[in-house]
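Both of the next two complexes hold subunit A, though its partner changes from subunit B to subunit C.
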Partner chain A sequence: MNQAYDISHFLAGMMLVASFALIYQERLLAVLRTFALQAVVLALAVAWQAWVQDRPHLFVTAVLALGLKGVVIPIALHRMIFRLGIHRDVEQVVGAGLTMLIGLGLTALSLLLILKATAAAPSLAREGLAIALAIVLLGLLMMITRRNAVTQIIGFMSMENGLILGSTGARGMPFVVEISVAFSVLIALFVFAVFVFRIRERFDSVDVSELDRVRGDRQ
Partner chain B sequence: MRDLLIALGGQAAQMLLVLAIAPAIAVLTKIVKARLMRRRGPPLLQGYRDFLKLVRKDAFLAENASWLFRAAPYLIFALTWVAAALIPTFASGLMFNWAADVIALVAIFGAARALLALAAMDVGTSFGGIGSSREMMIATLAEPAMMLVVLTMALAAGTTRLPEIADFLIGQPLTVRVSLALALIALVIVALAENARIPVDNPATHLELTMVHEAMVLEYSGRHLAMIEAASQLKLVAYLSLIACLFLPFGMAPVEAGLAAWLIGAVAYLGKVAFGAVLLGVWEVSIAKMRVFRINEFLGIAFIFAFLAILLSFLTQEVFG
Partner chain C sequence: MSFWVYAVIVLPFASAAILVVLPGYRLGALFNVAASFATLLAGLNLLRLEHAVGDYLIVDDVNIVFIVLNTLVGFTAAWFSASYIGHEIETGRITPLSVRFYHAMYQAMMGAMHLALLADNIGLLWVGLELATLITVVMVGLYRTPEAIEAAWKYFILGSVGISLAFFGTILAYLAGQAALGEGLPAMSWHLLHANADRLDVALLNLAFVFLLIGYGTKVGLAPLHAWLPDAHSEGPTPISAVLSGLLLNVALYALLRFKMLIAANPLAMRPGPILIVMGLVSLIFAALMLYQRRDIKRLFAYSSIEHMGLITFAFGMGGPLANFAGLLHMTMHSLTKSGIFFAVGHVAQAKGTQRIADIRGLSVTHPGLAIGLGLGVLAIAGLPPFGVFMSEFLILTTTFARAPWLALLPALGLLLAFGALLLRLQGMLFGAPNMPAHPVKASSFPLIAHLALVLIAGLYLPDALIAWFQRAAELLG
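After this line comes the complex of A and B, so read on.
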């Protein structure tokens, strides 16, 4: 038990709590703020790893996380939400209680799985990987349970937060891969935005359950 | 023999201490709330005066009230007092040390709650029924979270006995422990629900739509009401002491440390409890009461946090096995 571990454990735990808040939160703008908070905590966690492991290139990752996911993407989504006129929407989360229980189950599952699978790895990496897998699965769960396209985007982005957390605790992705992942997420945001506006144009709503009725151009 | 006498004396001192400060602590919260709303608020001694007034008044009973209705206030008071006596306050290792198990504590509070719910339904008014059913709903949601918090602490300290948990935590170096922080939040939420505070219940009103605790005690008057009020004040002090004992055990003296250490412990304890009461007042002014059917979401947060706390402390233990 040492300080390096305690602080990284604290930051990773806060990211996990933010993931649960994302699943639970109904108001769109609050979801967005929680996501931005998670990204800021991610940046702090990555910066702490860079400091502790003495790997300066991780600082670049931290700055990327802070700049892109803590500032640029939330602002872009914010403007998108206002352009779509859904900033006052309250999305009823279907079966919030059950979803939270599933989330707890997923968290427990990923902890058990990683602890079993990485028995030989150094402790910081095991811990980071375990929580990172939980965050990825929780982001996936959020994408499955939400029906609003914008919250689905946020679920996707929070999955990627977990991915970065996992890669910093372990030996780390090559730097080139990291940069390209960061920018492909940005590209993904543009693609998502185009899709959301198209969905909105066609159905007058960003509820993706409307898509179930689309059967292509068959007459 | 001498050790036994010291332990006994310390225990008696603690039982009298919690009993003596309970009305003042409850009124302190009221004063803080009133001041924040730019009212004067009651004087600090108002709780004692109210108690005396109620004891002197005649108790008024419904015609069909059974023995249970008359006995329940005294039993509830006694159970709550026992619970408050078990929680270490200024010194650990007192006479009731061997019984100060958190699971026993949950059971004692549960017994008191069951008695109150039964007594509320005894005379057959509709308010009593509403209050009991809501109280039981809250209890079924709060108790699992409470047990999970207890298990988190037990996992860290290796025991469920409160004095030993406190001793263990005093011995730890001061670090950031995310699982303890989550457990603290969960325990605070549970304490708010159990003590019928905002946002779960509002102790200051008798609004039909929302009242829970007040609906149950609506039929009580005179000395019975005095006992019920004293019990709920004691319960507030007990929960504040529990939070202080589990998360801020600093200043607590071992039983054999002598009178001076006890006094330091008592001053620290009074400071901690008063601080908790002030925070409670600030919290109650800052937020609104929740709809009854949103309470399950609020207590669900406590459950989630407590569960996450267990998972994270398990992770820490596994990684640093």
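After this line comes the complex of A and C, so read on.
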């Protein structure tokens, strides 16, 4: 049983490291690659859970994570980035050091919060859940600190990675939910695609700060 | 599980599929109204059902209130939309193709909301609400103006943050149930969780409620998580603003209430009341102050929605049969009145060709009928008798006063502030010299009249059956 703990914690930890890398990475293509890496690790983590918990249908979620978030979406975004001609773009992350510190704080917070609240729960679920929450919060942080529409999308999907990790770690959580998560990712992609193209259409840029000039009550 | 329960969910989705392939926007609009009417009939049929619990769905007194309200406003808003959308095509704001898309999305959104309302499985509840939100995001961006895209983007980002936190809360709630009900489906079934509430894991339940409160609270539009709401209301098509304010906020509140019932049924868990009271009051007073600075008519009423959702949350936070009764009544009255106001605002925007309050002058001269409709709607939402909103606000304040006299001062202050702001703006729009070209109004005024009439009748006389029904729901809410 110890092996099960070690491997699932190792994989969850790798996802967390990828989340930190996403926060400070400035080059657009590198962000995309880091996200793809996180999705692949997620697929491995979910597959491992499917094996350990003996719930074969979780393999479907693993395959979805690998195929969709590890391959299809990164390739689609990659193409989009090249077509928009922003592949060389360097997005200055404002206060990278401070953001990392906040990220560390959030991770510590989620560990404290979950480990304290789940004292009675089986331990495999506890640590997995704590790391999942940390990944969700780091994704949130990324969405807040980034100004570029593409990196905000990646922040959102990284958050979804955390959610899937958390829901597969919860033993026996019904399959309905996993389908729904995968489904929501599909819908999310659809929505994103629409937005990115529309934003492109209007501003010749995917920088969200362009949108800020129309904020608030029209004068 | 009765046939009608499935019909309420399946009818809208099936209609959405048909609307995708139906050519011509006039035919699509007619079909949209017909489908909404059929759903309304199916929803009314649920009234004959007492209680029903299936594997994934549940019908009890609490959600019947929401379903009937949802199908009713869904029908009147579809009626309004049918007469409204033609004008939008004529002025070239949208193409016939995107109208076809719009009608299909409208039905899919209704179906998703009904799924959320009838779900017994807390995962399914989340799926329904998430789906409805994503669809409204697309609808808000329908006009493709920079403002609309910005509003939809903001709505999307904040909405998805909310929905992610709510999902995490759902996982935690499942884990809390796992301790008592074992692995698998039972631990996600709301009625089983509720029946075994005292055996749930308390620490996990508390944590789950906090996440769900922030997650679903974002969708209710509670301050400080409300930033998406005014933009989404002001930039989307007006029928969607009416549905957002009148229905989607309620559905999100309903999700929150389900979990409030869970946590209230566990004697060891934290009391949800104080948090709800504080969030409700902050939203109420903040939104009332914000009303004074609004320049856009739809943003004005969007802030008014935040104010009223705050008051409703406050009432449910107070808890107890009487405050819950008042909260449910106020929610119903607010839905009817606010969607009615948005219908009137849609007329005004088409008549004047603008949403800027400063450019809307002298409606009473150019469009007397419309001025009366808008005026009555605003007086009703501001809480003047004899409208139903007055009665529900009065009930909320008196029950609070009976239990905590000092606490009652805060909502009273908020309501007075909002009252002043709304009358100030209304006076400017109705009276004075007309200053803009005025076009005749083509959209149907039936939905507006129907809503105002319902709110007026409710203010004068509530049938005993309705009162008994609300009381049962209020008892259940704890």
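Operating definition for what follows: the second predicted complex is superposed on the first by the 211 of 219 C-alpha atoms of A that agree within 3 Å, B and C clash if a C-alpha of one lies under 4 Å from a C-alpha of the other, contacts with A are read in each partner's own complex, and residues count from 1 in each chain.
Everything below uses one rule, namely that a residue touches a chain if its C-beta (ideal position, glycine included) is under 8 Å from a C-beta of that chain, and two chains touch if they have at least 3 such contacts.
Quantities reported herein were computed from a predicted structural model and do not represent experimental measurements.
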- [ ] Could you say whether A:Ala108 touches subunit B, subunit C, both of them, or neither, answering first, second, both or neither?
- [x] first
Open item on the list: For A:Ser167, using the defined touch cut-off, is the partner it touches subunit B, subunit C, both, or neither? Pick first, second, both or neither.
Closed with: second
- [ ] Would you sort A:His9 into first (subunit B), second (subunit C), both or neither based on which partner it touches?
- [x] first
Task: Touching partner for A:Phe20 - first (subunit B), second (subunit C), both, neither - done: first
Open item on the list: Comparing subunit B against subunit C, which has contacts with more of the residues in subunit A?
Closed with: C
Task: Partner chain in contact with A:Phe59 - subunit B first, subunit C second, else both or neither - done: neither
- [ ] Considering only the touch criterion stated at the top, classify A:Trp51 as touching first (subunit B), second (subunit C), both, or neither.
- [x] neither
- [ ] Classify the contacts of A:Met143 with the two partner chains as first (subunit B alone), second (subunit C alone), both, or neither.
- [x] second
TODO: Scan A:Ala130 for contacts with subunit B and subunit C and give back first, second, both or neither.
DONE: first
Open item on the list: Does any part of subunit A touch subunit B in one structure and subunit C in the other, and if so which residues?
Closed with: none
Task: subunit C partner contacts - residues on subunit A that touch it in the complex - done: 113-114, 116-121, 125, 129, 132-133, 136, 139-140, 143, 149, 152, 156, 159-160, 163, 166-167, 170-174, 176-177, 180-181, 183-184, 187-188, 191, 194-195, 198-199, 201-203, 208, 211-212, 214-215, 217-219
Task: subunit A-touching residues of subunit B, taken from the complex the two chains share - done: 175-179, 182, 296-297, 300-301, 304-305, 307-308, 311-312, 314-316, 318-320
- [ ] Can you check the complex and tell me which residues of subunit C touch subunit A?
- [x] 121, 123-124, 126-127, 130-131, 134, 137-138, 141, 144, 146-147, 149-150, 152-153, 156-157, 160-161, 164-165, 167-168, 170-172, 174-175, 178-179, 182-185, 187-188, 201, 203-204, 206-207, 293-296, 299, 356
Open item on the list: Under the stated contact criterion, what part of subunit A meets subunit B in this complex?
Closed with: 1, 3, 5-7, 9-10, 13-14, 16-17, 20, 24, 96-97, 100, 103-104, 107-108, 111, 115, 123, 126-127, 130-131
